[in-house]
Every structure is written in C-alpha cells, then in structure tokens.
Amino acid sequence: MATQSHRLTEQASGVYIIAATPFDDQGEVDLYSIDSLTDFYLEKGVTGFTILGMMGEAPKLSEAETTLVMERILKRVDARVPVVVGVSHSSNRHIERLSKEAMDLGAAGVMVAPVPNLKTDEQVYGYYASIAKLLGRDIPICLQDFPQATGVHTSVSVINRLIDEFEQVVMLKHEDFPGMRKLSQVRHDSEAGGRRRISILVGNGGLFLPQEMLRGADGAMTGFAFPEMLVQVCQLFSEGKSEAAEDLFNIYLPLLRHEFQYGIGLALRKETLRRRGAIRSAFVRKPGPVLDVRDHEELSRLIARQEKALA
Amino acid sequence: MATQSHRLTEQASGVYIIAATPFDDQGEVDLYSIDSLTDFYLEKGVTGFTILGMMGEAPKLSEAETTLVMERILKRVDARVPVVVGVSHSSNRHIERLSKEAMDLGAAGVMVAPVPNLKTDEQVYGYYASIAKLLGRDIPICLQDFPQATGVHTSVSVINRLIDEFEQVVMLKHEDFPGMRKLSQVRHDSEAGGRRRISILVGNGGLFLPQEMLRGADGAMTGFAFPEMLVQVCQLFSEGKSEAAEDLFNIYLPLLRHEFQYGIGLALRKETLRRRGAIRSAFVRKPGPVLDVRDHEELSRLIARQEKALA
Amino acid sequence: MATQSHRLTEQASGVYIIAATPFDDQGEVDLYSIDSLTDFYLEKGVTGFTILGMMGEAPKLSEAETTLVMERILKRVDARVPVVVGVSHSSNRHIERLSKEAMDLGAAGVMVAPVPNLKTDEQVYGYYASIAKLLGRDIPICLQDFPQATGVHTSVSVINRLIDEFEQVVMLKHEDFPGMRKLSQVRHDSEAGGRRRISILVGNGGLFLPQEMLRGADGAMTGFAFPEMLVQVCQLFSEGKSEAAEDLFNIYLPLLRHEFQYGIGLALRKETLRRRGAIRSAFVRKPGPVLDVRDHEELSRLIARQEKALA
Amino acid sequence: MATQSHRLTEQASGVYIIAATPFDDQGEVDLYSIDSLTDFYLEKGVTGFTILGMMGEAPKLSEAETTLVMERILKRVDARVPVVVGVSHSSNRHIERLSKEAMDLGAAGVMVAPVPNLKTDEQVYGYYASIAKLLGRDIPICLQDFPQATGVHTSVSVINRLIDEFEQVVMLKHEDFPGMRKLSQVRHDSEAGGRRRISILVGNGGLFLPQEMLRGADGAMTGFAFPEMLVQVCQLFSEGKSEAAEDLFNIYLPLLRHEFQYGIGLALRKETLRRRGAIRSAFVRKPGPVLDVRDHEELSRLIARQEKALA
C-alpha cells in the first residue's frame, strides 16, 4: 500500500509520538478521532509515530481492531513521517505475523519489548536474538527497554551485543528508570568501541528529556499531550541551544510530571487530548483508570497555570 | 451447538483436567491430537475439562485458533462432562466476547484470573465484581486464585464477598501457595456463617492434593499427565478412604513434583502425554521451554521408577 | 534525657525533613556533620525531623551507630522541634526495643513501614495492629505507606480501621505512587465519616507536593536538599496562597525531579547537601550509588540553572 | 578459639544442615536447645552446619544474639564438622565485620546472598566481586543463589566468572527454582572448560535432591527436620546406589514437600524438631507463622504415615 520510504534507521531523531488509540464513549474504535489525532500530531511537528504501544492500549484491541487502527493511521500519515508499530506479544508467531502485516502496510519498523520472566543477560539476549532472526534483516527493530512495565532488565552489554550482531536493531527506546547512566554507557561504548551508533529516543513521559539529550539521546518517544513542546525542545537541542530548550521544557514540566503518573496518566493524557480537540472522547477501555471530579479540576488548574506561564 | 446440560455448579467435584493444547512440530494447532487428547482424558475418567488456561498456552493462540480449539474440544467432549473455558484477558470486552462465544458453543462456565496490578482487597473485589456484572447471572464463573502467576492476592474476605453477592460465582480454583489455611478458612466461613458453599478444586499441579481434600477441597483442577491417579485419589477420598488415597498419590508424587516445576513443567507434561500416546508432538510455542537430552533422560528415569512402583 | 514536649500528634504539619545520615569519606558516622546538618535543617525552618529512615541509610547502621545517631540528633535538636524515628524492622522485638529507646531519648514518635510479603488487607491490618498493641498508646505512630520500596499496599480501608482502633496512629507518611486519589479518599472518609483526622505528610521527594496540599495534605516528609523551598511552599499553602506556593515550587521542580531518581537520588541529595556546606562528605555506604563525573556535571548545571531562576 | 581445621573447600559434600535457631516460648534465645539441637544434627550424621541463614531467623536476632548463637554452636560442634555462617546483609561493612568475627570463632566459611535490586549480570557480578575483595582470600565463600527470596538472578556466566576470578569462592548453594538445568550447566562448564570445580549443595528443602545428585550436586544444604534421610541419601549416592537412594528419599517426600511450603514451612520444621526432642519450643519470632490446630493435626498425620512407611 504505502511506500516504505520511511524505513527506520539509526539516524532517526526528534519526536516519535506514542500515539493514543481513540475510542468513543462506548469503547468502540473511533476512526474519525484516529484521523483527527493523526493530523494533530503531524501539525505539532512530530518526526515519527509509534503506534500500538502500551499507552496505545494495544493489548485491549482485537486482532481486527489492531489491523484497522494500523491501516487507518498509516493511511492518514501517508508516508509523511515514519511509523513504528509496537508488536510485543507473548507468542513469537504473533510478533512475526503482526510485524509482516505492519511492514506490508507501510510501517517503518517495529518496536519489541521483552516477554516477562527473562532474568539473566543470556535470557534477554536470547529472546531478542530469536526475534531478530525471526523477523530478518528487512524489518528494522526498536528495542523497548521499559523494566518498570515488563520486569525485564536489558543490560548495556546485551544492548551492545544486539547492536553488534543484528544490523536491523537500529533504535533503543530508553525508559529504564533511573536510566541516565545506562544511556551514557551505550553512547560511550559506541564512541569508544567503534560500535555502530543507533538511535536512542527516550520515554518515561519525557521526564528527564533535557538531561537525556545532553547525554546523547536523539529525541523522545513518548506521548505527552503537548507534543509541540517535545518537538521544540528537540529542535533547540539540535541547534545547540540547550539552555533555551530546557527553559521551554521547564514551563511544561509540572503538567508533564502530572501525566507521568502510571495508570491514571493515560486517562489524563487522553482527557488533555480531548480538551485540545484532538480526539472526541477520552474513554479508556476497561479495566482502566477513570478520572473523577477532583482529577478533572486538578488537571484544569495545571493546564491553566501552564497557559499562563506560556502567555 | 452442544446442549448446556453441564452448566457449572457449586456441586462440581472430581478432576477438571487442565487440558494441554497440542501443536504439531511446526507449531500449528494439531486437530487430530486435540481429539486424541480429549479421548485420553475422558478415558482416564476426568469429571470435567478446563481449556484455554495458562498451561493450555491460551495467550499464544490467535483469535481464530482460540475458537477452533474451543469448538473442537467441545464437539469431541460432546456434553459428556462439563467444560470450563479460561477467558482471562487484559480487556473486559474480550472477556465478555469470549465468554459468550464459549457458552454458545456449549461450555459449562468460564474461569477468570485477575489482571495484574490489582493490589488491595477493594481493587480485587472491584475487578471480579465488574466481570460478574458484565457476564451476568447466566454465565457460571470459576475464580482462578493463582498469585504466583498473576501477582494478585485474593483474600478470603474478597472471596466471601463475591460468593455473597454473585450467585454465578460457583467455583474457586485454589492455587495460592502456600494456601492450605486459606482453603480451610473459606470452608469454615461457609460452614460457620451460613454462607453458600462453592466448589473448590485445587491446582499447583496437585502437589498437596491429599491435604487439600482433607481440608475440604472437592477435587483437583490441574493437568498432571497421569490424570487417572488424580481421578482415583478423588474417588477414594469421596469414599472416605483417605489413607488408601494418599498411598496411591504418593506413588505418583515424585513425578508430579517433577512436573510441578514452573516453566519447564509444561514441556515435561506435554512430552509425557506424547509418550503416553495422547498427542503426537510435545511442541511448546515460542518463547517456551525446550527439553534437552538430560531432561529427557531424567523424565524417562522417573517414569520408569513410577511404573516399577505401580507394578 | 530530653523532654517529650514534642510528642507527635494529629496536628503535625509543615516539613518533617527526612534527615540524611552523614558519614566521612571512610564511611564512619561523622558526628560533626550530624551537628552541622541538624543546624542546617533547623535554619531552613523545618517543623520536624524524621531520622533513621530508608534514605537515612538506617539498615546500614550497626546497633551502636543507630543509638549514637539518634542521641546526637536528638541532643542537637534539643526539643526545638519534634523528631520521629524510623523503626521499621523484620523483628517486632527490635521495633519494640528501638521505639522505647527512641522515646526515652526524647523522640516524638516512631515511623513504621510494613515488613515485605504482606498481601491482603487483613495481613496489612494485622501487622500494624500487632505493632500498635506492642508499642502501646504512649508511643505515637506514623504509618509509612511506601509500596514502591516495601511491596506492601496499604488500602484506605486498612488506614481507616487503624485510625479507628488505635489512637496512637496519628500520622500517615503518604508516598504511594500514584497516590493522589488515596490521599483524597482518606481525607474524605474522615470528613464524611466523622472519623478522626490524622496528619498526612507526603513523600516521594515532594514531586506532587502542591497537588497533594490542595488535596488535604498537611505538609511534606521528605529530604529534598533545598528544604527551605518545602518550608516556604507549606507556609504559603497554610496562608491560602496556593498559586504563589506552586510558582515557587516549580522553580525547584527540575532539581527536585532529578533527586527523585531512586537509588542514585540519595547520592545526589548528599552531594548537594555537601556542596551547600551542610555535611563534610557525600559518602554513601556500600553497596550504594556513586556519582561519576557526568553525574557531577549534570548536578552542577541543574543547580546553576536553579540559582539563576531564583536570582 | 576453635581450630580452623574445617576450612570450607571445593571438596565439601554431604549434608550441611541449615540450623534452626531455637527460642523459648517467650522468644528468648534458648541456649539449652542450641546445644541439644546441635547434638541432634551431629547424631544424625550431618557433614557440616550452616547457621544464621534465612531459616535460622538471622534477621530477627540482635547483634549480641548473633554472636551468642554463633559462639554457642561453634563451641558445641567443637570442630567436629565445618560450620558455615550466613552473613548476608544490606551493608558491606556489616558483612565484613560479621565474617571476620565468625572466622575468628572458628567458622569454616561464610554464605552470602546478594542484596535485592541487583538486576543485570554486571550488577550481580559486581556485588559478589566487591564482597570477595572485601573479605579476601582467607575467607571461603558460599554463594547463595536463592532468587525466590532475594529477587536476584545469578546467571551461570556470573557464577563462572566468580569461580575464575576468586579462589575463595568454593561453594554454591543452589536453590534457584526451577534450577536443574543451571546446575547441569555449571557442572558442564567446569568439565568442558577446565574450570575449577566447586562444591554444589542444593537447597529448596531438598525437593529435587535425587535429580540434583544425578546432575552433579555434591549434597544438600537444607534444614529438613529428618536430616538422617538426607545424610543416607547422599551417602547412597556417593556409593553409586542411586535407586536405593531415591527409594529412601521418596518415603520422606510427602513430609519434605509439606515442609517446603514457604513461610509456614519454618513453623512446621521447628514443631517437628520439637516433637523429635531436638528443641524445647517451636517458637518463631514475630512476625512469623503460627500453627493452628488443623496444621498440627495435619503434621501429626503426615509424620504417622511416614513412620508407618518406614516400619
């Protein structure tokens, strides 16, 4: 369908937005809002999309819905920016099937988080190696290093080994926490060791984005409901204006920190996107967080304060 | 399709076998082996089936495969014994859809394990209550209490509250570990408190089956590859022959304990079923355990010793 | 020794500083720095101390050192503000012994986190009830609700039950995360239910202090290396100046967020205290985090930016 | 005091009993029972002791009690068999101090479990390496690999690296679960790789002792209340009589499996030791498991069945 002009590479940088999956108030996939949200993200200047991640409620979609969402976004993006598809699953067969489907539809690459219960370096390496072999050289892979959600710790030496052995491993979504030293180590090992330098985009809601950019990150892969800030911050860093970048970042930090809360953060993010007109409903599929009156007021107050600070 | 003569009730007892899902050596669902395995279980005298549980590799099946496996087993069982279908999922919508599909196909009821990240009594109760309301009174529910796998601890007071409020909650799969006191408490609370007595079938591979029967369990819900022992043990207990029951149990205990090992236990179980002619391949979908030469020899030795002890 | 004029009560508010335990570069307890750090905290206006908590490296002190540190701080504070002593331990006998020792030395009360492996509401309640009975009515207790570190989740209903049954439970250190709704529920239940209102001081480095104050917190119990900000923020909130309070808070938020990082946060905090002249060495006992050159530069930059913003 | 003739070496084999710490009914250390229990273990033929482990309630002893228990047992053993002392602690200083104290009193070596929160191979290696360097070559070390309790996974490659770099690492207490393949790998790597062969003693209550002996274990390090069985089983294996060994093991397996239950297992073990006359009270320090009437009856029944099977 779409061209694969945007195949994911080690040069990826900027903001790969973790796209929410919009539902209507009855919980059905809202195609209209998929389009409007996609437009919203593009207007804000994102350099890429990551869809069907954990914050995209991917595990709550049926197979048909998964295909529907993927198709719809890829079509709407229309190859203007690369789209990475989250394919993490408990079955390798499923990962293979979904990855191929995604690439056929025009995805730029896939993002894989490890299955739970991998404990040692050898086990984590073994898992990713089996996936890389299964998918082959033609499907670019982003490693999702998110131990707070998966319980799996991917060491620097495992990351290095994967970089060395699999050219299709082109990106690390860095969201270990605390994880700044790990980021520096991966960068140091590629600089000092002549190792291939991959793209590193940071997650955790962007809570440490300025520090991570200074340590060698190439950008952010997160879903903060004000992506324009992430875009500008990355842009300013790329221009060497780190102080201006962080000044801007800090204006949004209170709200970003608020959205950083696990669980309820998704509901806050969707509600903020709804208020901004990006989606029609903030519905989160059950079981999932629901905002109460207090939460709404709190969010309103934080948004108002942010607007005032920006004014 | 099938009649619903075997709707799950509080009177359920004996052995509800946790059915393996057979694949061929390429990992495809093996319909022939589904039939032969179903026949095998029935010949061994099980009083019910539980399909699509964790040990049935349910999370590794596609939606179409899930339906296929469910239909095939239900058809082969042909209403001779009740079939419980595991429907645990991260989305309530999915649980609802799969439960209705299962009941329409002739299932006797559904088994539900809680989603991860439920922490307090109120949260666990809230989850199960929402599922019970969603499914309604016409779908009997078995609570799967398996904290080692889910990380969720369902307290006796939550179990009691669910029994009191939802008549469709008719069974507890008890596999907390250690959990014998919990079993006694649930039984005590129904006897002392005039509370409805539900069926309790025990899991954990049956490792404590005799002790649990003496504490008031009604049988076992597990998948030990020698189900005839579980059947006879439950039968002997129902006849008041607890010493004879435990004598028999102990002959199988070394192998049962061997199969109890998390992870590799599934590979050992499938291999044992293969050797017994119940299925054609012991294949476990990836990522999953694979037996090496040493594991095979060890299993052979334990089976040979068991056969000798039975001779 | 000291008078007990500062017995902890439900009226406690403001900033109870989580005091670091200073060591010299060889890892010995540094009495000189204990004094200077105590003075530093008092000069910054804290309304109370909490010593021998997790961030005070209490589990790494010998029994003699524990007594030494406790005595030294209590003597230096000299009853000017109340001092809460962390007494969490795997043995109830130890908790009893240490609590009595602390109270005899002039402590205002004790803080108790639950032992690991408590799972259900009944278990958590049972643990705290046994401690409350053991210590008796004369030792005020602060419940430390910090699931990220203990793995134990204390529900609102458990907190309420403890408030109802044990008058000595006078304070909650609130650091569940995300935990803002829990805070609101505890407050709601005391307002709506005629339940005794206890003091709630918030932890998690103060990351959500303004939001928590608006939800009914009475202050903070955390160890941010710029306690004067916490003090002023609490003061402004008590004067109803919530906007000014949050404006001030936000200036410090980047650094506060930086210190919030688990593990390395303690090293950053001690280093900041060292740079501010409060202690002579930033040494953290082994095994523990050690800052590298990059970490030092990053900290310097963030402090410089903060100073500039304040100027 | 005692001679160090029993310094722990790679040749250690047989049964190193995990010694319980006896208290009286008021929870005080019972010196009389320490002596009688020590005599009991020696009479049953153990080849070594491991004291102050998790099942020895070490974290619930004061420092003075720790010294008292250590001295008393070492004196009673009187250098007849080697005594390993558990020194695991959150502070390296404490490990160093306790290890030196133990060796001075005549211990054969120390056992160290890693602190929690070590995640990657490098972190686990780093921890053990720092301890090995701290203690030096003169203090033999037993690595305790017990992830179920510590949450830390020590990979085969970390074990190998420690064997290669630190000659004082002479023993592995193997109780990963499931862990049989790991045991085989460590053995394979020393046989195939010319690597130093260390002693491997197995834990987990001995639940898989025969299988582990066949895979290359040198014996058991566990505290089953019928140590004479463990002794005989190890002896029979050393004589090549594996079938006779396992026949004997299986007679005790039902009770051994019963004692294997985490938490309550310690109470069951102490009660069994009390019934056998080895200690005067089965008291477990608070918080800890307490047997109820049902538990007592169940234990009585299992012991009676075992006696009958042995008759």
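First chain written, first letter: the chains are A, B, C and D, and each begins at residue 1.
As a convention for this text, contacts are C-beta pairs under 8 Å (C-beta built on N, C-alpha and C of every residue); 3 or more make two chains touch, one makes a residue touch a chain.
For reference, the UniProt names are A, B, C, D = Dihydrodipicolinate synthase family protein.
Fair warning: this is a prediction, and the values are worked out from it, not measured in the lab.
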| item | value |
| --- | --- |
| Fewest touching-chain hops separating subunit A from subunit C | 1 |
| Topological distance between subunit B and subunit C, in contact steps | 1 |
| Subunit C and subunit D, separation of their C-alpha mean positions in angstrom | 38 |
| For subunit A paired with subunit D, centre-to-centre distance based on mean C-alpha positions, whole Å | 46 |
| Where subunit B touches two or more other chains at once, by residue number | 263 |
| Partner subunit C, residues of subunit B touching it in the complex | 119-122, 147, 153, 155-158 |
| Subunit A - residues contacting subunit B, complex | 27, 59-63, 90-94, 97, 115, 117, 127, 130, 263, 285-287 |
| Subunit D residues touching subunit B - in the complex, by the definition given at the top | 177-178, 180-181, 184, 207-208, 211, 214-215, 243, 246, 250, 253-254, 257-258, 261-265, 292, 294-295, 298, 301-302, 305 |
